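One structure is given here, and the rest of the page talks about it.
To keep things simple, chains are lettered A, B, C and D as they appear, and every chain counts its residues starting from 1.
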Amino acid sequence: MEGAEFHGMAILLCENLLNLQPGTRLPPLGAVDSKVTMPTKKELLKTPIRHIDIAKYNVVPLVDAMASMAYTSRDTARAASIYEMMLRDHDCGVILCLAGSLISAGLQKLFVDLIRNNMVDAIVSTGANIVDQDFFEALGFRHYVAGDEYKYGNGDGELRELMIDRIYDTFIDEEELRICDETTEKIFNSLEPRPYSSREIIREMGAYLDREGRTPAGGNADSIIFAAYEKGVPIFCPAFSDCSAGFGFVAHQHARRGKPMVSIDSAKDFYELTQLKIANPTTGLLMIGGGVPKNFAQDIVVAAEILGVDAPMHKYAIQVTVADSRDGALSGSTLKEASSWGKVDTTYEQMVYAEATLALPLIAGYALHKGAAEGRSGKNWTETLARVAEPVSA
Amino acid sequence: MEGAEFHGMAILLCENLLNLQPGTRLPPLGAVDSKVTMPTKKELLKTPIRHIDIAKYNVVPLVDAMASMAYTSRDTARAASIYEMMLRDHDCGVILCLAGSLISAGLQKLFVDLIRNNMVDAIVSTGANIVDQDFFEALGFRHYVAGDEYKYGNGDGELRELMIDRIYDTFIDEEELRICDETTEKIFNSLEPRPYSSREIIREMGAYLDREGRTPAGGNADSIIFAAYEKGVPIFCPAFSDCSAGFGFVAHQHARRGKPMVSIDSAKDFYELTQLKIANPTTGLLMIGGGVPKNFAQDIVVAAEILGVDAPMHKYAIQVTVADSRDGALSGSTLKEASSWGKVDTTYEQMVYAEATLALPLIAGYALHKGAAEGRSGKNWTETLARVAEPVSA
Amino acid sequence: MEGAEFHGMAILLCENLLNLQPGTRLPPLGAVDSKVTMPTKKELLKTPIRHIDIAKYNVVPLVDAMASMAYTSRDTARAASIYEMMLRDHDCGVILCLAGSLISAGLQKLFVDLIRNNMVDAIVSTGANIVDQDFFEALGFRHYVAGDEYKYGNGDGELRELMIDRIYDTFIDEEELRICDETTEKIFNSLEPRPYSSREIIREMGAYLDREGRTPAGGNADSIIFAAYEKGVPIFCPAFSDCSAGFGFVAHQHARRGKPMVSIDSAKDFYELTQLKIANPTTGLLMIGGGVPKNFAQDIVVAAEILGVDAPMHKYAIQVTVADSRDGALSGSTLKEASSWGKVDTTYEQMVYAEATLALPLIAGYALHKGAAEGRSGKNWTETLARVAEPVSA
Amino acid sequence: MEGAEFHGMAILLCENLLNLQPGTRLPPLGAVDSKVTMPTKKELLKTPIRHIDIAKYNVVPLVDAMASMAYTSRDTARAASIYEMMLRDHDCGVILCLAGSLISAGLQKLFVDLIRNNMVDAIVSTGANIVDQDFFEALGFRHYVAGDEYKYGNGDGELRELMIDRIYDTFIDEEELRICDETTEKIFNSLEPRPYSSREIIREMGAYLDREGRTPAGGNADSIIFAAYEKGVPIFCPAFSDCSAGFGFVAHQHARRGKPMVSIDSAKDFYELTQLKIANPTTGLLMIGGGVPKNFAQDIVVAAEILGVDAPMHKYAIQVTVADSRDGALSGSTLKEASSWGKVDTTYEQMVYAEATLALPLIAGYALHKGAAEGRSGKNWTETLARVAEPVSA
């Protein structure tokens, strides 16, 4: 590689490295030495993602002002207002749906705060958010800020060699992720062999964190899994094999082949969430992204009907997404479309076409600072489930 | 409702109705009577979606020309060329991933043709494509063209009352969909109670179609499930409860509560697909949309490693999607990003940012008309699985 | 129109009407009478858009927290920080580029505040923002909140009959817009017939507002045109005929046909802005949307070179847009791409893929509340132009 | 730069280089030498973009099949059918609007074919398409295929040093572009000093090509400017200074400062196009992208009204775009929205949300192969203008 021709690239790489600390003033270009070495793994994993603490920022006046503007600002304000409304409607059970890489992006504490403040009664999520990201951080690991220059795939080969995984502008240490995989296997190995709903397994993961002291009381950070465990908020991952836990399952089932083993029954997830809808007919959805969680949570209205119960449509619904509706895929389909399926009522629904890290601190922060959940108690649906969903097994 | 004020809307509605036959010349506006009644269900469900038959259109010269253009046309041409390449590489097992509402959009026959012509060896899909749409059509039901004016939610209330479900610009008769739900329940009821992979269940659905004569030999249309059943192409739906089959499961498990029942083990899906990767290390992905199927199929490289096998990354990868990469969600994440995770090799990968109904007839049609799979035999991975994946059960 | 069949739609329309007051609690559905009449023009134009006052919301702590998150939040924080940096670099002239319907969306006061606080030295804009929207409001007219249900085109026929124009979720009284058109004609009629840059004409519009007392001193609202007039901030609309002023020009030139007339020389715009770049070589771009303003402002680097002056690339650049880069169009093209053209330096550049009403209050509010422009004086480029750009005429 | 650490990148760069010839089979990775040098300018500018020849591909059966599918395929088919309809309506004048970088992307010949086959009567375009790209190619220069790896900004620094400009995945030799700039100056210098519409200037550019033999008769490629010159199709660039011609104007006006000079009157453009609307009231729009051309062409309906003529709305309208409607900007706003402004009739309108290089060969190819313009003569609006638009001058 001839040095001279790569002068420009050398500067680019070097700058990227410096950029890892956001806000740092860069030295003038002339001061940059043209000889660079690729950053080390330690250098690349230096600046952790820090989770936003919505309690610190009173966004109520800002969001109220946005209600009189247009486009996404007004949609965001209307969504915030609908979230407030569903929390003040004490009959309403609030189901939070999570798709996309949200925890790695700095939203973990936001969701923990919703749980701790009785602002959510059940969670339906992709496995990645709950296991690869939330449980992962609960085990003491972190996500890291990646420089802007890695966003578009420049450097992925080197990252691969360093065992660094990339999520757009964020890095993960794959060696740590392997420990997370293995921990899930350890938990599965400790369970009585039978089919489980993901909800049951995730509850066991909460118990594990409790036992291991991976809790605020143990001097560690709080997590969605642990907060939900304490507050009786069931967490469902209907595609539970499609995450770090999947690797644990593969290892577990491989080791147990020919013998009784733990299996993961996603039909039971659906049955349980439907029972909750039947036990608590008034419901609202706060959906971040689309995918399986959105579809799954919407479908319980129809599932209740299948069981002979005439459950009302979801009374409130909010979706924050960047997805497009034009390909007909569910992720970006409007909530009006869901109403044609009899799943979502159209009176209090709002699509917010925005990226969640920008819009959600405003929506959730608004409801928190308006005290929308004051006087509201958590519904402890874990307890409800123990009552309504009889154990099912093969 | 005062007639005069609604003159404009009356015309609008009437026009929409007329529009249901694409290409129809509209009468001059003056000829439209201002008194209209809402279309009936029969009128709304009049023009069925017709599945494109790629064998009829030799797109090779067109796609070759696009290779020398820019933007999406060139990406499409490059994707077509990579698909051709993976088919000519006879070691390579081809995994087709399906997310979004593709079958309802007129792509059923295209996928059937890929199966029948040995152009795909396994399928990973959302449940909706396979059950709500492909199995649904196999039962003799159809999807219908919805007028442009319904696209944005105008009329969803009326559709709800008529029990018509909408997918963007397409209608489904919900009463027929309920029959589909019930048929899945019937099939589950007939099975020995134990945990199943979705792959095993979908195979049973193929056997059901065979028994019932819902096959080309029986004078009916071909289907993905039946073609895959005949050709030994395993179909995985890792989030299998998240579709019409979910309703069948809920009904089944409710009826069997306290007794042995069928459960659906998505961990087994993951285990099986991983075994296929181990048995056939060279693999290529043809992904339509993102979601669970994309993640699931990519993850088997890592899962093989967990089982102690050093499996190579997917050698070829194509994704057709309208998703955005900027929210960090997996659906729109680039294949370069996947390479940082050690899942996809970057030598022969191509993202095509386009809606699938437009791009896929060009990509799949190109490979078909180039005869890329001539001399290629199907891998019959159903048989391979019988050999490599020992029965696992609780 | 048969009442029964339209019950659903009647409710929908009625709800929409009620929705015009954001945040209003809706009556229970049962209470809605099925007989409705279409809203009147007065009812539709009831709730004015209110411009956000960024001085009221100290977003600094929130934005600082976003710097440690991912995706759009981090991009927004980095953009805010680059804007702060360019204001603290007192050599740097700040050029604000405006495309999209921003003033109608509630951002007028924000831009006025940037001008009044010496945070912008020149503006390049689409004509609509400056004439149809800012000048329009300066004349005493307002934009109005449109209910969510109008967003997707339901009701456009009725709006047409009522002479209400729609911008997505915002209404304009077309009769008022016609007065705006006519006022521009009046101004053009009063000018000496010769070719003008748009900058010269817009300055005359500022003088008109001054004369007519359409100013804060006259008890009226402030405007971009007037604030820029007072602060010596030149405003360029390179496609000046493509807006309300275009209608004024057509009327003016039609009346003057065969006689000397005012013409609008966009080449002169380009010449003037290039002279400013030469007179003040260090520059930064704050771009909202893409289109002509983005291209035009970037091109002056090359234009200076054409005039034999080796002007540096724009040192700082921020773009806030929802545009996609995948169609190769300039609006969504990255700032890195602009660097290949020698237009924008890549050291301090940031794309923010977000809708402006959500992101801009954070970016501009951040710089304002950090006091980034304290100690910075406005550059009064109107005065500079009088010195450097000799009058050019046919 | 330490060789070992950059092994991965060396392979990446090398592969990119090889990729410049689409479809080339890559050597096995092991065969790649780890020592690479940056490609030279000559190597980077090796594979020219080739313009698609729609006459060669009969897409009629394919497009007809798409009419019975969903999403973008059906929208594309409906757009093709509306284009056919407007050509068969011989009263209708067809206005083609061009925004985005279309000519550089391989669509030049397609637009030339529309002109030569009497399928378009006027063009409204961004300057870049007409001058930087079409005129540029008419002068004998080419655009070049850029490897996929340059798409996201990796390498822009080196490109800058080599004087290669990038448009997403396409390269331009900036030295050739400078010759294009200078040629425009030469033409302006040769004109009588007065205000011109862009239409008049572009016609002079056609005459220049004719004189210089840069024509098919002269053994060179055909061009939009020349074909339009011959067929009497006026071309308007309402933001004419915002392109390569702008550089010519800056140089011209700088040299002539203080003396009579050529100026560019965009108001005259608007006046002329409005006169065409008045002379030929039935009109249809075929819009590629949004921006100024879309707004400008839509606005002539209102401008005619300003001149006291009650011109009908555009009877047909098609827009092909990837823009989003959610930010309220005109580029992505629906044609239904335009109908609220009284600009576009809603009976025969179609938005196609797709990238133009993929959709336009289908839409334009469909109309061509259906023989939609057989029996249609070109309207020679250049001649009409000579009759209806009296010379206007300062």
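As a working rule, a contact is a pair of C-beta atoms (placed from the backbone, for glycine too) under 8 Å apart; a residue touches a chain by one contact, two chains touch by 3 or more.
Just so it is clear, the structure is predicted and the values come from calculations on it, not from any experiment.
**Q** Where the contacts of chain A and chain B overlap, which chains show up?
**A** The common neighbours are C, D.
**Q** Return the chains shared as contacts by chain C and chain D, ordered by label.
**A** A, B
**Q** Farthest chain from chain A, going by mean C-alpha coordinates, please.
**A** D
**Q** Call it same or different for chain B and chain D: same when shared residue numbers make up over half of all numbers used at their interface.
**A** same
**Q** Starting from the mean Cα coordinates of chain B and chain D, work out the distance between those two points in Å.
**A** 36
**Q** Please compute the C-alpha centroid of chain A, do the same for chain D, then give the distance between them in whole Å.
**A** Using C-alpha averages as centres, the distance is 44 Å.
**Q** Mind pulling the residue numbers of chain D that touch at least two other chains?
**A** Answer for chain D, listing residues that touch two or more other chains: 12, 70-72, 101, 104-105, 152-153, 157, 160, 167-170, 324, 326-328, 346, 353, 355-356.
**Q** Of all residues in chain D, which touch chain A in the complex?
**A** 1-3, 5-6, 8-12, 35-38, 70-72, 151-155, 157-158, 160-161, 324, 326-328, 353
**Q** Which residues of chain A touch chain C once you look at their complex with the stated criterion?
**A** Result: residues 12, 15, 22-23, 25-26, 29, 47-53, 56-57, 59, 61-62, 65-74, 76-78, 81, 85, 101, 104-107, 143, 145, 148, 167-170, 346-348, 350, 353-359, 361 of chain A touch chain C.
**Q** Chain C touches which residues of chain D in the complex?
**A** Contact set of chain D toward chain C: 99-101, 104-105, 126, 128, 152-153, 156-157, 159-160, 164-170, 174, 181, 193-195, 238-242, 246-247, 249-254, 256-258, 260-271, 274, 289, 291-292, 295-296, 299, 302-303, 306-307, 322-331, 333-334, 336-337, 339-342, 346, 355-356, 390-394.
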